[in-house]
Every structure is written in structure tokens, then in C-alpha cells.
Amino acid sequence: MGKYMTVKVGINGYGTVGKRVADAISLQDDMEIVGVAKRSPTYGAEMAVEKGYPFYAASDKYLDEFDRKDIPVEGMLEDLLDEAEIIIDGTPKKSGYKPMYEKAGVKAIWQGGEDHEMTGLSFNSMANFDEALGADYLRVVSCNTTGLLRTLYPIHRDIGLERCTAVMIRRGADPWDTSRGPINSINPVLNIPSHHGPDVQSVVPGINIQTTAVKVPTTIMHLHSVTVDLKKDVDTDEILRTWDETPRIKFFNESMGVDSTAKVMEWARDRSNDRADLNEIAVWNDAVKVEDGVLYYYQAIHQESDIVPENIDAIRAMTELEEDKMKSIRKTNEGMGIE
Amino acid sequence: MGKYMTVKVGINGYGTVGKRVADAISLQDDMEIVGVAKRSPTYGAEMAVEKGYPFYAASDKYLDEFDRKDIPVEGMLEDLLDEAEIIIDGTPKKSGYKPMYEKAGVKAIWQGGEDHEMTGLSFNSMANFDEALGADYLRVVSCNTTGLLRTLYPIHRDIGLERCTAVMIRRGADPWDTSRGPINSINPVLNIPSHHGPDVQSVVPGINIQTTAVKVPTTIMHLHSVTVDLKKDVDTDEILRTWDETPRIKFFNESMGVDSTAKVMEWARDRSNDRADLNEIAVWNDAVKVEDGVLYYYQAIHQESDIVPENIDAIRAMTELEEDKMKSIRKTNEGMGIE
Amino acid sequence: MGKYMTVKVGINGYGTVGKRVADAISLQDDMEIVGVAKRSPTYGAEMAVEKGYPFYAASDKYLDEFDRKDIPVEGMLEDLLDEAEIIIDGTPKKSGYKPMYEKAGVKAIWQGGEDHEMTGLSFNSMANFDEALGADYLRVVSCNTTGLLRTLYPIHRDIGLERCTAVMIRRGADPWDTSRGPINSINPVLNIPSHHGPDVQSVVPGINIQTTAVKVPTTIMHLHSVTVDLKKDVDTDEILRTWDETPRIKFFNESMGVDSTAKVMEWARDRSNDRADLNEIAVWNDAVKVEDGVLYYYQAIHQESDIVPENIDAIRAMTELEEDKMKSIRKTNEGMGIE
Amino acid sequence: MGKYMTVKVGINGYGTVGKRVADAISLQDDMEIVGVAKRSPTYGAEMAVEKGYPFYAASDKYLDEFDRKDIPVEGMLEDLLDEAEIIIDGTPKKSGYKPMYEKAGVKAIWQGGEDHEMTGLSFNSMANFDEALGADYLRVVSCNTTGLLRTLYPIHRDIGLERCTAVMIRRGADPWDTSRGPINSINPVLNIPSHHGPDVQSVVPGINIQTTAVKVPTTIMHLHSVTVDLKKDVDTDEILRTWDETPRIKFFNESMGVDSTAKVMEWARDRSNDRADLNEIAVWNDAVKVEDGVLYYYQAIHQESDIVPENIDAIRAMTELEEDKMKSIRKTNEGMGIE
């Protein structure tokens, strides 16, 4: 694909993921939004139009309402599929759009809510960019799995990971989803181990990992307490050096005044991050410890936004806009303002 | 003061208020930050420097630490007072800096944590801009009192307000303040009525208002349920028209998909507001009702940011940069991206 | 009905209300549980059996499961209706059992989730016990409406209530209902005024009341901030005296160390109340204030248990076990350990 | 000690621990409360008197206030020390009463807030009852450490424990402590590993355990996600059998309808446990899994009450009322209604 060509991307589903990936695409110079499809006439429709994204209706149920609100509808979802080369599917899990994409002959990227089996290819930028080159369909793994891969993959690659246990303390609900709890409860996921271990292995089969998870009454960030038996007996500094050289990991510590997920979120606000998001994984570098060949660390995951840059890299790999992993990652980061 | 002159503003205290007012000032063309003074070496110091604000130490306790973190310290707070014409005091309440400002001969603006008596002048842009012209000291009233004045003052002025009762459901803690609760409790303010009524009257003595308040386990937004006995029997539309013409009031409603404070916050994120703030007061226009001469409405207050534009207007009034209230408000709003 | 006869009561629905009313009935000497009907095989079924309540299946869906768990099933709901003179309906709202009760010829008591229209008689012990004498069907109004009536009715009767506004800060979910939120949000009820005003009037038509409501991230207790324009200008002491003479109102205050709903709940635990319930309405007597003929007060409502004694009184009135209101209330209270 | 003698116990500090241990003592026939000492005149003082506990003032600061509230004060703390053979110290951590107890020649039991070093003997009923026989001073370890020992000790003893990692999701505040957070935050304990590992080892030196911990916005229950490398390759059933035979472990599962800490708490309420407490450790038996010699399980800890029966056993051991561990445990359990 030539230098002056841009990939035409359509967004199906303009919720938590769709709206973020749309904005990230518009910050890249080698891809463009040809349209956004949305079902319901909530304020996002108006905002999409204000941002200059051509607006398509994902169903005909609310066409009158879009009309009443002066939302210019360019067409239906089917029309958008004709315009796009690749679709970001940000619809609720199991929405079942794959046959429609196949029929229209567009590539598509799903998110972590879907099973690995639907596409046969689960994606993380650092771990398996090369496998995605030219692919038609893939899914970007969930925010938690992406977070685990960001920190575990470089250790797996450089040091060796004998075995890993991760306990995931998960936020209870999306920040806007005020119908969901829990309130004053800790809810364990009683299927032990949880699905996140196999999910990591769907990207990197060789990682020996078991995970458990609980849900708590917070929004926005998950926190992981991770234990890793290392294959080589390295010291804490070597772990920190490995992560320091890895993109999309950001260190926080008490000396900065950051000792909680709330303070990580405040940092993201103070840095003027768009939507107060944090695309990086937050690692407390003063709480990383290697003892007797075992690594302990905490990391926090911004549930809505860590997977956004992975979607951008996936577009590049699938359309072969860029075949070099590190070049794509750097380009994505520069566009999005990730350090 | 001439067109090419800018007022030199110093910030004492770079926390919730200080950092926001600093950024708002840097968006105005008639004022500039000559320095920011901060006590502790948390990450804010580094961010202030990155934003290009000259950095001053508010105490000598952490000078070594600033040095270790490569924060270039321009001087001490006293030095900043020499540079500035006017100080935004964003220090914790009752910090007691007034004598130091008097000695240095600088004007100063305090926030709602201070008593009215300290300055004798309590400020809200719409309600009493003119009283602040040329003043040396004033306090911008608290976020809740500012919120009450934004919606009540225009009704008081245009329609007449016989009597008002406001019940304030207050967020429990600042979003970063993870030491404070409550958890799973509703805490009533047992001094009835609460101090917010007298606080409104410190700006507009004629408003007959009683307030009660409770604290709940949330962050970022307060919500008020307000009942007003009107002097004239107008209909709901006239109330909405009055507010529609008033700056810094923003309507939300269920048809937009916004039926909670969390969704107001999400809207502010989606609008790419800096820090995901909301300088306007959120009023649910589909839940405004006049019945038998009594007005009922809900409003939500972004606790950290509604008072920021009032600080900017106060600077203009006190330094007589601009003597026309509406011109100042419009200029502030344009700079800050308030509709 | 003779001294040695007891009313035979069946419980349909053994959840939040059903299990509590069952235990309260077993503490009275003039009524008895002839059976409890439950749908699902969760632990409550076993506990009901351990308490000696004959167990009936409310559907045949889980008969195998009851069998596997060794729960002795006495029969189906229809069989229970044959045994009982009166049914406490604690099923989810709009479950639609009325035709079945009519066919079986049993009296029935519903809860606040049902509309007034279904029975035409809405009940509160103090306010309209006499209207329930001999009735076949009634509903005990909701926990919030019961709470409002407990404190407003005696003022309406003795002093006169010109007009009332109540703002209700509601708990987000039942304590066990960990699927419901909100988390970090305040959700206003956008239908202004809320349904609680008309609900109060369904019991005492003469009370002029408007209500608004918000939902917050807590469990167990609601809190009301109430404003009342009195018909007579009485002082605070007269209000307190009136409530002191009214059953099922309990005073709390800061001097006791109780300044939040959490501390009211702790008091109920320390008093060894069963299930840590509080059947009384909690009023902060140090935060009751009359100013210029207007009464301000806060009250807290134990959402699960304030309506339990009303159900007992309703049984007595409907079956004419006791025709004197105060005698029934006293008998209920003594049995239940209410002061 | 003869059958008709009872040990005379004094309670110093009538808060979360003190009030519970006092009630537990009054349910045993071989010990009695000779007095309760409390500092502040909150409602607990009145309740202690109502329960028939002689009341002593822990300081002279509020003597007037006790008088005003008609609390009969039997004497000062020093007087109580003269009456008692053994003191339960339920005062805030580091209150420093040891010299006073030494001077008075009374035995004393502290709680988990104190360091091991103060007494040199850290106690858990199952793990080291025998070491406490005749001891003058000991501390009952914290609720979390007690919980870990309850499930880990029998595995250590019967099966062998190669290594253990426990991640502790801790409730943010005591249920009555409405000043403490966090709200909408997960706060990791940045000292890795946390102090709970060494705390377990202060009772059973041989257990190889590392712990990490986070704080979340809930009250009442902690939850642990535990990973254990076993010395012998046993199956899940053997683990369950071991725990089934161990006192003070209670199984919960989804089939009972209990899949969260909130539902465990609801179960404790439904069982009419005093204060809705749960003295047992809650283990989800359907989420216990052994895979490749590694055991995974979740347990939940009632932060206020699991240590209460350990205090009773400690009294028996220290005073040699009973020298047989299992007899003491059974006697304590019977008195307290623990299955």
C-alpha cells in the first residue's frame, strides 16, 4: 500500500471501545474513519457527528429519533461495510456480525468479549504482531489479558517464566453503567482458575499461568497481584530494566504520591490524557520484588483504554500498512501521545 | 490596563484548585502564570514544570527532594509574592497566609474553605461581579454554594424567590483522597440547617434559603434536590428559558442517555474536557417541574471544577482588566472551551 | 375469635420480607405459621425447615433439587392455600397471585411493590388500622412510605401539616443483591415528584406531600431529609414529645455516638436485634429543628424490616383477632422486642 | 480449678473486640465478666450496663458525662485490675497498658494490632493451644492471620505445605468507622510481601508463606485467594475432608445461593447469629481445586468476629481451666453456638 494511501476503517458499535478506537484512528496519518455505526440515539451520536465522523445507523429502530435530533444519517450499517476495508467491532459480545462482514468482504477486529475460536487469532501487539500480518479476522484480547501479556511476555521472552499465578481484583462495572454492582461485597469468580489464564495462552501458548479473580465496588481500574516463578534467578533491577524497555508500561510509586488506583487515575487526569484514560499498564516499581527466584508485583489496568493502541497496531498488521512490529508500536504511540 | 499588558498571577497551593486555575489562566490572553508554589514533592511538581510554570517551594522542608528529582526551584514562596500582582490561594483551609500577602502587597483570592469574614467579600461571577471591581481580597465561594447561586440567582433576579430548600447529597471524598470515607453509610450533617444557606446569603443577602446535607460513598459530583417557592407563578418553560440564557448551566436529560452523575461524568470525558472536568452546573431539564407555584429541580456539581471560571472572572474584576461582567464571563468561557 | 385459637398464616415467597414476617409471627401467641412456600432451593429452604416451618414448593421446577438436599416438601403452594386463613405475599412485585388466593378463599397481604389499586386498601398501623378490620386484601406500603407515615401521621393528627417535602436518599440494592449498583454514582429519580408522595396519600389522603429521590451506593438504610410547613407554630420540644409518644420511632444522636446510618446499623447489631434489623424509624433528635413554623428533620429507614410489625398488625386487623389499634401495636412490639 | 470456680475476666476497651469477647464469655460456664472498662460515653456504656456488666471508667475525662447519662461507674480501670485474674485488652493498638497489668499482677490477652514481640507468644487455638498453657501474656493474632491459620495449619500438619501465596482483598474500614475510605479505589499494600506472612510464622514457624494485600471499598469481610504447593499430591476431596474435620471452618457454595461475601453475611443474619457475626472462616467448597499438586481456594474472613472464640480458648489455656485443646475448642463452640 502506497505512502499516500490511508486505510479506510469503519466502526461498528460506538460505545466504550468504539469511541476510543475512533479517536485513536483519527490521530494516525495512515488510516481514516469512513464511518461510525451506532444503534441508539444517545448523546454519542451527536458527538460523533461533531467530531466529523460520518454517521451510520446500525438498526432502523431509531431512524425517526435521529431525524428528530438532527443527526445526519449517511446510511445503514450495510452501507458502511461497503465503504470500509476493515471494521472495528465494538458491539456487545456475541452480537454475531461475522457473517455480515464476510458477505461484505471486509476485514474485522473484535474485542476480548468474543471467544478465541471465532477468529482463531488472538492478538497482542508485542507478543504476536507478526501472526496478524495480512489476517482477515482477529480479536484483541480483553483489557485484563492485555495487561498480563504486557508485563509477562517480555519476562517470558528474556528471562523465562516457569509458572505464574495472578489474582485479579476487578472493577465491578463500567463507570457509566450505574445499574451494576456489587455494593459492599467482594464477589469471587468461583470457576477456579478463571478464564484469563487460557486467554493469555491463546496469544502465547507457552506461558504457564493460573488466574483467579474477584469483583469489587469500584470503577475504571482493575488491579493484579502477580506471582511468577522465574526460570533464571535475576534480581529486581533486571526485571525493572526489562519493563522499562517495553512499550506501554508506566511506572508509578509512593515517592510520586501514587499509592492507589485512584491516584493513578488522578495522574492520568493531570496529564490531560483524553477522557482521563491510561493506555499504559501501571506498575508500582517500588513494589516489585524478587525473592528466592520468585517475582512479586502489582499492576493496574485501565479497563477501557489499554486495548486501544492494540487495535491500531492490529489494523496495521492486518492491512500490511506496516510489517515491522516496533515501527507500528512507535507510530501508534506517537500519534496517541503515549510516552 | 492596556491591551498588551497581562496580569501576573501566582498560584499558592498546587492541589485540586490550584492546578486547575493555573491551567485556566494559561488559556486566557490577558493574564499569565508567573509561578506556582507547592509544598510537597509529589508528581504535581514535575508536571507543573513540564507545563512551563516557574516552580517555587512553599516550604524548605523538601528542597533536597526537589533537587533529587531535578525539579528546578526558582525560589521560595516569598519570592513568588514579589513577582505576582495577585495570588490564587489554593492551600488547605485556614492555612493563614493573609498576613504574608498583606506584607507583600499582593491581591489574593481564597476558596470556599475560608470564612466570609476573612475577606468580607464572597464572590460569584453572575451574582456580584461588580462588587469585586478593584477589590484586594475576596473568596470564591465553595463548589456547592457556587452551584446554588448559578441556578438560584437568575430566578431571584427575574422571577423572585420566596423561599428555597436545598438538600445536598455530597460526595464523600476527593477522587484522589483514598483515606476518607464513608463506605456503606449515609452521613447526615446534623447541624440543621447546614452552612450552605448562610454561604449563599454571603453573596446575595436577599435569598431566603435553608439547606441540609448528607455525605455518601461517591467521588467527584455532588447532587442537589432543590425546592423553590416562586414569587410569580410562571411555568416550567420560563424557568428553562431563564437558565438557558444563563452562562455555565448545562442541560442533561434521559433522552441523551444521561440519568445519573456517572453519566454526566462520562459525557465530560467524551467531550474531551480537560481532566474530564465540568465547569458548568448540570441540570436535568426533563426533571424541572413547577407545580402550584413551587419549582422542583435536581442539579449536579462537579466538586473540583465549577469554581475555576469564577476564579478567572475574579482576577479580572479585582485587577479591573475588564469591568463588564458579561464580557468577562464570555471571555473566560471562550478561553476555557465552555459553551 | 377465642383466646385459644390462633390464626393460621401461610407465607408465599421466603425472601427479604417473607422470612422476616415468618419469624415475627412465630414470636406472637395469637397466630402461627402453617407453611412457607418458596421457589428456589437456596439455603433459605433448609433454614425454614430447621426453624420448624412446614415447607411447600411454590413451583415444581426444583422438586428434584429439594429432594436431593433432603428438604421435606409438604406439598405445593396450592396445598398451603388450603391450610391457611391468610397469606403473606412476599413474592416479587407483580407476581400476580391474586386470582389464586381468590379461588382458594384466603385473605392476603401484599407489600409496597404492588399498586394501591390491586387491593384498594393501603395500610399503616398507626394511620389506618381501623380501615383494615375484616378486610380480605390489603397492601402494607413500602419501607419508605411506612417511614414517612410513622413520623408525619402524628404531626398531621396533632399539630397539622400544611405541606411537606421529603428528599429520599435511597440505598442502591438489597444487601445480598450483588448484581445491582450504582457504583460511584448518584442516580436521581427523574420523575418529579416521585411516587412516594401519592403513596403516602393512598393511606392518608389529606397529607400534602411532594417527594424526590436519589439512589446511592449503599445497602440496608434509606435516609430522608424532610421539610414540613406546620399548621400551628409549635416548638421543637413539642415535635419531639409527639414522636416520643408514638410507637416505632427511635431517637439517635451524636451524644450517643451515632451520626450516620452505619452507626445506627451498628447499634442494632449491638442490641442483638435479630438479623441486625431495626423495626423502628431512626430519627436524629438532635437534628430536629423548627424555625419560622417550618420543621426540618432527618430520619433513616431500615429497608428490610420496618414493615414487618405492620404486617403483624394487618393480620390482626383483617382477621379481627384484635380490634383495638394500640393493643395490637403493643402486642406486636412486645412479641418482637420493640421498645 | 474446681467445677464451681469461674475465672474472673476483665475487659479493657469495649469496642469491636471487647464487646464481642465480653458476650462470648457470658455464654461460657467456667468464666465470668467482673467488669468492663471504657473511655468514652457513647451508647456502648449504657448497653454494657444493661447487659449486667459492672462498668469501670478507663479515664476520668468523661466521669461527668457518665454521671449525666446515669451510667453507674463501679470504679476506675485500676480497680477493675484488682478484681480480675485476666484482662482482655481490646484497646486501640499500641495503647501501652502492659506495665499497668504487670503492676497489678493480672494476666492479659492482646489482639492482632500488637507486635509479636510484646508478649513473645502469638496464639491460634488449633495451631498452638498447648504453648499457651499457664502463660501470663499472649496476643491472639489478627483476623486475617487467624483465617490463614485455620485453613493452612491442618494442611501443614496432615499433608504438608511446600509453599503458600495468599492475596488478601481487605475491607476498607470497620462498618461503623464512616470516616475511613477508600471510595472508588483499590489500594495495594506496597510493602511486598505484607506483614501477614511473618505473622502466620509467629504462630507456626515452619509455614513457608508470602502474602500481598489490597484494600477495597467494602466493610465487614476480607477475602483471600490462596495458592498452596502441596508436599503430597492429594486430590480435592482429601483437602475438603481435612477441613470438614477442622473446627471453625464453614463451607459455602453456589448451590446454596452464596457466591459473594454479601451473601455470606446474609447467611449469618438469617442464622440469627448475634450481631450477624460469623466466627467461622467461610470457604467456598465448590471453588477448591487441586491441579498438578497445587491447591487453589478462596476464603472469607469476618473481620470483627473470627478471633472471638480464640480469645475464649486463650483464657482457658492461660488459666489452665482446661488443658486439652479439643475439649476447650468444643466447649467454646458449644457456648457460642458454633456448629
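As written, the chains take the letters A, B, C and D, and residue 1 is the first residue of each chain.
By our rule, a contact is a pair of C-beta atoms (placed from the backbone, for glycine too) under 8 Å apart; a residue touches a chain by one contact, two chains touch by 3 or more.
Everything numeric here is computed off the predicted structure, so don't read it as measured data.
Touching chain C and chain D together: A, B.
Between the chain pairs A-D and A-B, more C-beta pairs are in contact across A-D. One simple way to say how far apart two chains are is to compare their mean CA positions; for chain A and chain C this gives 47 Å.
Inter-chain centre distance (chain A to chain D, centres taken as mean C-alpha positions): 43 Å. Put simply, the C-alpha centre of chain A and that of chain B have 35 angstrom between them. Shared interface positions of chain D, defined as residues touching 2 or more other chains, are 175, 177-178, 182-185, 187, 217-219, 259-260, 262-263. Residues 171-173, 175, 177-185, 187, 217-219 of chain A are the ones that touch chain C when the two sit in their complex.
Considering their complex, residues 165, 167, 169, 182, 184-188, 190-193, 210, 212, 214, 216-221, 223, 225, 227, 253-254, 259-263, 284, 286-289, 291, 294, 296-298, 300 of chain D touch chain A. Contact residues of chain D toward chain C in the complex are 19, 40-44, 47, 175-178, 183-184, 219, 255-260, 262-263, 265-267, 269-272, 274-276.
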